[in-house]
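Once you've had a glance at the structure underneath, I'll fire off some questions.
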């Protein structure tokens, strides 16, 4: 189900189709996934989201695969199933091996576990952690 | 505040002190942070948590700094303030620069944003994401 | 799937059917959605939940559409897909336009983003925010 | 800090003071904690919340300590520090031992961990779990 | 505590101070809160976050107070204490009365409650909610 | 959908099949659910997760049904649908009656509600809750 119907190319406004084209060019594939097609009901929101994503996930001081793993980790903690699927696929596309995927699962699971323990114990941060 | 008082070395049971010593050796510092001192009320839980953390965060196919960034990302999404502080400190200890920290913030913020958009739009994963 | 089967009218106890009838009258429709039908396994819980919802979402100092948008925002942050779908439908039923829906998406996404940034930065509230 | 100032007895409206008195009687103590004092700015919300809490946490088919443990578990997962502290105190008041507290921590931590793993793996529920 | 120290005006880079000035102009006050001062370590992130916030929270088809209430609701569900304090203050600055605040609390509490019930019951969205 | 395909017995490595066999013995059933089959891509993670779960959920100072209810409560708050389904089934298997299920729903819903109210009110823990 969905709260808005993903738009096919010929249903989208010209401003939205221009973003679709930019996504295609940036990714080197004709496929535009449904997140962008659902956002296309509001071309300005689509444009702002895509431009920011392109900038944030673009070249910088953290390698692209690490960024995808971080993105996936946030998506897991937030329980966003679509995001988990799309960013797992993206991480694999950027070279994540099966062994790395297993190891990433272990790190995420460990973080979830100690997040729960820390919150349950209610301990304030140690003074040594101060910036 | 806290729901259990972190234990000083001379308040902890021998089984807990042995874990403290292992933490000191593994980290090359005499400092044992309050998370472990709070867990020391239950030496078996302290031991199991530490052993698993040491194994999960130890050498493998993902570099140590990436693991810390993933851990931090989960902690942010779960709203665990102590964990955010301790894993930011750990990431800096493993070489995270100011520029990388800023970039990590941007990735986490972007993931939070699109997690919200995706969930609000209610879209099911595209068939191409299937494993 | 579901952990309890939504009950049809003729499967529900008289106390539950009375709540179904009240829902029908309040909403001016014969349709009773599955949330209420699932709750009908425990007529007292069904009754308490419905009575409280009717009171909270009823006339007051905040207009009905704003209340639905707030409800939807909470549901998104909690990752409740059913709630996102039902309260998006309710907001549309109370007059939310496509443009307002897009704008609401943008506000929710922005809030998610800065929630993440603030938590990652670990900053305590400014003194000026004190009540 | 707080977004509303907890009200002392002589600052609260008569309808709010009546709830304070009911809390005192039900709990057998003169102490009214700040959650109720903060809610007292809206006596109707204070009344509705207290009445529902009293009913839900009152005698039934689940023993009082189990209910407190469940309440605490939800509060941990939601990252509500105040709630973690108040319901840990309540659970201890209802007989939770140190050993049970440690065991409860372990269960909560385990649940957090497998919640993360399951969400990261994206697996749909097995057919055998159908109600 | 904090993971980065909020920067005073004379510690911030010129690009960051320019954003501080823009915030002052837009809000008609000399006060710049610590969220922006903490972001100032990364002037590009500061700029991008502020520009997007200004656009999203600016004039549109949803009134400013409703937007603040939605922002606050998301912040509550995400457990972001700083955000709860800052957006409660902002909502009051935009005219939220004590009565509206109480009513907003009730709506948020109700949404949290039914989010939990719905997730616990595991019910898929009714077909009538389809977009 | 899923990010990794659950493995059938003859697709799993010997180390993973050994865990499947241990699960079968411990539970007295031939059925191994998909969570374990998905984890089987990483036999070490499968083994560590199962061993810890068996230990944590095993005999101790909290009865098995209470542990399942706590596990379910965390899963609801984290929005993990698979976990909600599997632990509801497990709780029923350990004797949870329909009446207890309804009562558990009420406790979880109440906790969600007051978690939201407390966070929205921003109140720090009372001094009397100090450990």
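A, B, C, D, E and F label the chains in the order they appear, each numbered from 1.
Keep this in mind: contacts are C-beta pairs under 8 Å (C-beta built on N, C-alpha and C of every residue); 3 or more make two chains touch, one makes a residue touch a chain.
To keep track of the chains, here are their UniProt names: A, B, C, D, E, F = Alkylhydroperoxidase AhpD family core domain-containing protein.
Quantities reported herein were computed from a predicted structural model and do not represent experimental measurements.
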### Task
Spell out the chains that contact chain C while also contacting chain F.
A, B, D, E
### Message
I'd like to know which pair from C-F, B-E or E-F copies the A-D interface, where a copy means over half of the contact pairs are the same by residue number.
### Response
E-F
### Query
Do chain B and chain D face each other with the same patch, meaning over half of the contact numbers show up on both, or with different patches?
different
### Summary
Max Cα-centre separation from chain F goes to chain E
### Message
Suppose each chain is reduced to the average of its Cα coordinates; what separation in Å results between chain B and chain C?
### Response
34
### Task
Please report how many Å separate the Cα centroid of chain D from that of chain E, as a whole number.
26
### CA centroid of chain A to CA centroid of chain B, Å
20
### For chain A, residues contacting two or more additional chains
1-4, 39, 48-49, 52, 74, 76-81, 84-85, 88, 99, 103-106, 108-117, 119-122, 124-125, 129
## Note on the structure
Among line, ring, star, complete and other, the chain touch graph is complete
### Query
Which part of chain C faces chain D closely enough to touch in the complex?
1-5, 48, 52, 55, 124-125, 129-131
### Query
Which positions of chain D touch chain B when the two form their complex?
79, 81, 84-85, 88, 98-99, 101-103, 105-106, 109, 116, 122
### Summary
chain D contacts chain F in the complex at 1-4, 6, 31, 33-35, 38-39, 49, 52-53, 56-57, 60-62, 66-67, 69-71, 73-78, 80-83, 85-86, 88-89, 97, 99-100, 103-104, 106-115, 117-126, 128-129
### Message
Under the stated contact criterion, what part of chain F meets chain E in this complex?
### Response
72, 76-77, 79, 81, 84-85, 88, 104-105, 108-117, 119-122
### Message
Give the list of chain E residues in touch with chain B in this complex.
### Response
1, 3-4, 39, 41-42, 44-45, 48-49, 74, 78-80, 125, 131
